[in-house]
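Encoded as structure tokens, the structure appears first; notes follow it.
In this document, chain identifiers A, B, C and D correspond to the written order of the chains, with residue numbering beginning at 1 in each.
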Amino acid sequence: MTIETQEEPPEIKVYLPRVGITNLKSVAKIEWKGRIYTFIPTFEVAIDLPEEKKGIHMSRLVESITETMSEAVEEEVKKVHTSLEDLALCIIRRIEKKHSHKRAEVWIKSTLILERQTPASGKTSYEPYDVEVGVIKNSDGSIKKVLKVKVIGNTACPHAMANNQGKTHIQRAIAELEIETHFNEDIALEDMIEVVESSFSSPTYTLLKTPDENAVVRRMYENPKFVEDVAREIVYKARNRFKGKIHVKVISHESIHKHDVIAEVWA
Amino acid sequence: MTIETQEEPPEIKVYLPRVGITNLKSVAKIEWKGRIYTFIPTFEVAIDLPEEKKGIHMSRLVESITETMSEAVEEEVKKVHTSLEDLALCIIRRIEKKHSHKRAEVWIKSTLILERQTPASGKTSYEPYDVEVGVIKNSDGSIKKVLKVKVIGNTACPHAMANNQGKTHIQRAIAELEIETHFNEDIALEDMIEVVESSFSSPTYTLLKTPDENAVVRRMYENPKFVEDVAREIVYKARNRFKGKIHVKVISHESIHKHDVIAEVWA
Amino acid sequence: MTIETQEEPPEIKVYLPRVGITNLKSVAKIEWKGRIYTFIPTFEVAIDLPEEKKGIHMSRLVESITETMSEAVEEEVKKVHTSLEDLALCIIRRIEKKHSHKRAEVWIKSTLILERQTPASGKTSYEPYDVEVGVIKNSDGSIKKVLKVKVIGNTACPHAMANNQGKTHIQRAIAELEIETHFNEDIALEDMIEVVESSFSSPTYTLLKTPDENAVVRRMYENPKFVEDVAREIVYKARNRFKGKIHVKVISHESIHKHDVIAEVWA
Amino acid sequence: MTIETQEEPPEIKVYLPRVGITNLKSVAKIEWKGRIYTFIPTFEVAIDLPEEKKGIHMSRLVESITETMSEAVEEEVKKVHTSLEDLALCIIRRIEKKHSHKRAEVWIKSTLILERQTPASGKTSYEPYDVEVGVIKNSDGSIKKVLKVKVIGNTACPHAMANNQGKTHIQRAIAELEIETHFNEDIALEDMIEVVESSFSSPTYTLLKTPDENAVVRRMYENPKFVEDVAREIVYKARNRFKGKIHVKVISHESIHKHDVIAEVWA
């Protein structure tokens, strides 16, 4: 007979709000714009633990992920998940049947590939974006979500440009936009990516033929920006377009320094 | 009119054997055991550059990836790629039409998810494995490939066990098996993973119910191993099963130390 | 004549609370328990930017670091800094003379090496610990600090032990303790490390001769712990010993899984 | 009485050329240009294991590091080590007294901080460089060393410049130079760093006041370079200046792409 050590009282009685599994890679499948899309996200799933219990049953969290995934696999056509947050909520609903808790969180990290047109030759380019979605069920049963996108762009320094007859230093920059909002608030990760990508000196592209490269170069010089400018533009657009608590963080990998520069804002 | 700076003679004349793109994430699709499997690998593609030219045309390498991918997407049913090395070779074949070179390499890194049965309850568990495949076309036209798998397992120390009445320290360990061989040598990544995974004190599982956990615990104590033992067993099995140059590296994240221990062997 | 683009009004008027430099590695020197101790920390320094200015003068933040360091180097004997937070505050004091701002933050990440005695043979072992110190000056001039330590230890699972006649799975675990408190609150990083290190199934050691290894093995079996137990013990001890807001995060690199388990608590 | 499991014959008899410890952080001290310099490098130490023995005695490798370090600490003035390779060789000499072997390797990774003058204002700037030194004793007793430096600089694209009336894309680039040579060959890491740093479009600086920034901007536009150009210049200079097998790898974090470009050469 199995001893359930987890159910015993612990020596030290402290409520733990977050106990679970992390860095779990598994296969997931969602229906996204009419296509079945398979990918391998990284999961973190956590629930709370009352002060009178020694531990949670970790395997039940894993089962909730695995079963949600195979449900998607088996009934592919009619029941497939339509978004990462839908997937996360399905996992929480399975946990509810398996493990008592007051609060629960599911976080899913993945990479989206979006189709873009290059700026001059109009060729198709596939662009990768790191995204993360968290769904959090509070102890009152209310559900909120956190949506994050991370986009690679660039900055052309306006200060160096003003002091060097139009010449300046340019570099890769990375911006993150995070929105915490109600679960039912309809916000597409693609729209968040668009807000961020359009706020750099120029977007970047995986494929650039010479005319495209020229267009990107011209765009950067016509649109010089500090990290501060990028951060302000993202937060301004995001506030106009999305409802929720906003966090913006821009890091520029300065080409003239060995360190990075950063601008951060909350709204 | 475009100036092709790449075609000009460089100031310093040196042959460069490897020039190209790296850390490029894109979507790929292969047919694997009868199912279309979509994933987002990371690519490195490189060709050589003769000493009389200043640079390669990087965008042609990107196009070779992109076109190979969309070919797979468009003619999904009949022409889809059947393995990572097939995909890599298709990219090399496209480069041949776009850019002169004597040697070419394509490297693809990804994560495979394989289905396993848990050791006692026989439940289905999905296990992630990091894999990398390189295809290298030499200047004589011959083609070789490099296959790598990285597997997470564990070690139970036989020395501590012998000195502590069966008690010992146990820890997560990570083993890599790399095989360099002819392109036509038929070696499945799954078989390489099996060789590595069966050489630890025990395999690990994403999902383990209590009876499964007990089975894994018993297995580890019945099968204590140094990193040296794991390395020897992998190289022994790999030599018997696969033709090619073999490299094995095992790292154990010691539970009693803050550092790791390592064993490495070539065959 | 230099154009100060930073002083111009930006197109979009948004207050930015955090603008600065990050990932800057430099040499630092503190006097620590009577010895001059040189190391190479990583710095992040940020100030706020009012909505009517386009940018901050990044180089003044770098100068504030550089000058604080060389001051320490030059007047080594009498004026050397005595702690990481002292160093961080000196940098803030220099920024005050160089750049207007309402709030300022300095974060310093480093590795401490502490001397330990091995548990049986009493040999000297040098143990590494990742630490981070942040000093934050608020707009009202008040100063708080954030102290973080990250310690490598281990967990021996009490559930597997109860179900396998004393056999269990054991693994490396990593715990972080973070305290946010008044600048003048006297908390030594060494004491925080001690709180964390004593809360695992056993501390780990860089050097272990066979009798020491046996002692650590025995200790782990006598002291089985879930990550939940480790988290509770750290937060319990920290609350009794230190004043401030506490955050504890424990991650266990499960030897029977490919993923990690986590427990987190705030107090 | 202790059982020495390591001395037993293993089930599978395979010679292992590299067995040891890795990712061990400890404090080190060398005398460098007349100053005692303390830092916290990461060590990897490995020896070979004959096919008739089951394992090596890992703790003896750790002791060899620890004792070499404390020797340096205790007799600071007269006996301190003068270089990283001197330190590595001292560790090998200690291993010789503790553990039989035919070959031995010690690898030490660290960060050097070098003093530079900024290009216009002549201010002092402290620049960080990642370095690694390996000392390898072969089975015939001969000793070779491997010296590696990693330097952050930048590239301004000559192709975009030629096609955009002097405008171009610029980005951070990272170059590595590795030299394998006889132990007695006198090569300073600082000289290797100088070779690499002078081969970019421009060196980078931690501190840059506006006139310095202008000088770096001008320098980049006067000196446009592909990664191929940077690689050729490093290998050309290194061949003229240093004796040994040379490996050069340059990665440019393209500001117009999300991926990186790479050039690599051996000489």
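Here, a contact is a pair of C-beta atoms (placed from the backbone, for glycine too) under 8 Å apart; a residue touches a chain by one contact, two chains touch by 3 or more.
Note that the structure is a prediction, hence the values are computed from the model and not measured.
A.B. asks: From the C-alpha centres, identify the chain that is farthest from chain C.
C.D. replies: Between chain C and every other chain, the largest centroid distance is to B.
A.B. asks: Between B-C and A-C, which chain pair is linked by the larger number of C-beta contacts?
C.D. replies: Contact tally favours A-C.
A.B. asks: What's the distance between the Cα centroids of chain A and chain C, rounded to whole Å?
C.D. replies: One centre to the other, that is 26 Å.
A.B. asks: Centroid of chain B to centroid of chain C, CA atoms only: how many Å?
C.D. replies: Chain B and chain C have C-alpha centres separated by 35 Å.
A.B. asks: Identify all positions of chain A at which a residue touches two or more other chains, and write them in rising order.
C.D. replies: 2, 24-25, 62, 128, 159, 163, 206, 208, 210, 213, 258-259
A.B. asks: Give every residue of chain C touching chain B within the complex, in rising order.
C.D. replies: The touching residues are 127-128, 152, 154, 159-160, 163-164, 166-172, 202, 204-206, 208, 210, 213-214, 216-218, 220-221, 253-259.
A.B. asks: Once bound in the complex, which stretches of chain B touch chain D?
C.D. replies: Within the complex, chain B touches chain D at residues 2-6, 10-25, 44, 46, 49, 54-56, 58, 62, 158-159, 162-163, 226-229, 231-233, 235-236, 251, 258-267.
A.B. asks: Which of the residues in chain D end up touching chain C in this complex?
C.D. replies: Spelled out, the residues of chain D in touch with chain C are 2, 24-27, 37-40, 59, 62-63, 66, 69-70, 111, 113, 124-126, 128, 206-211, 213.
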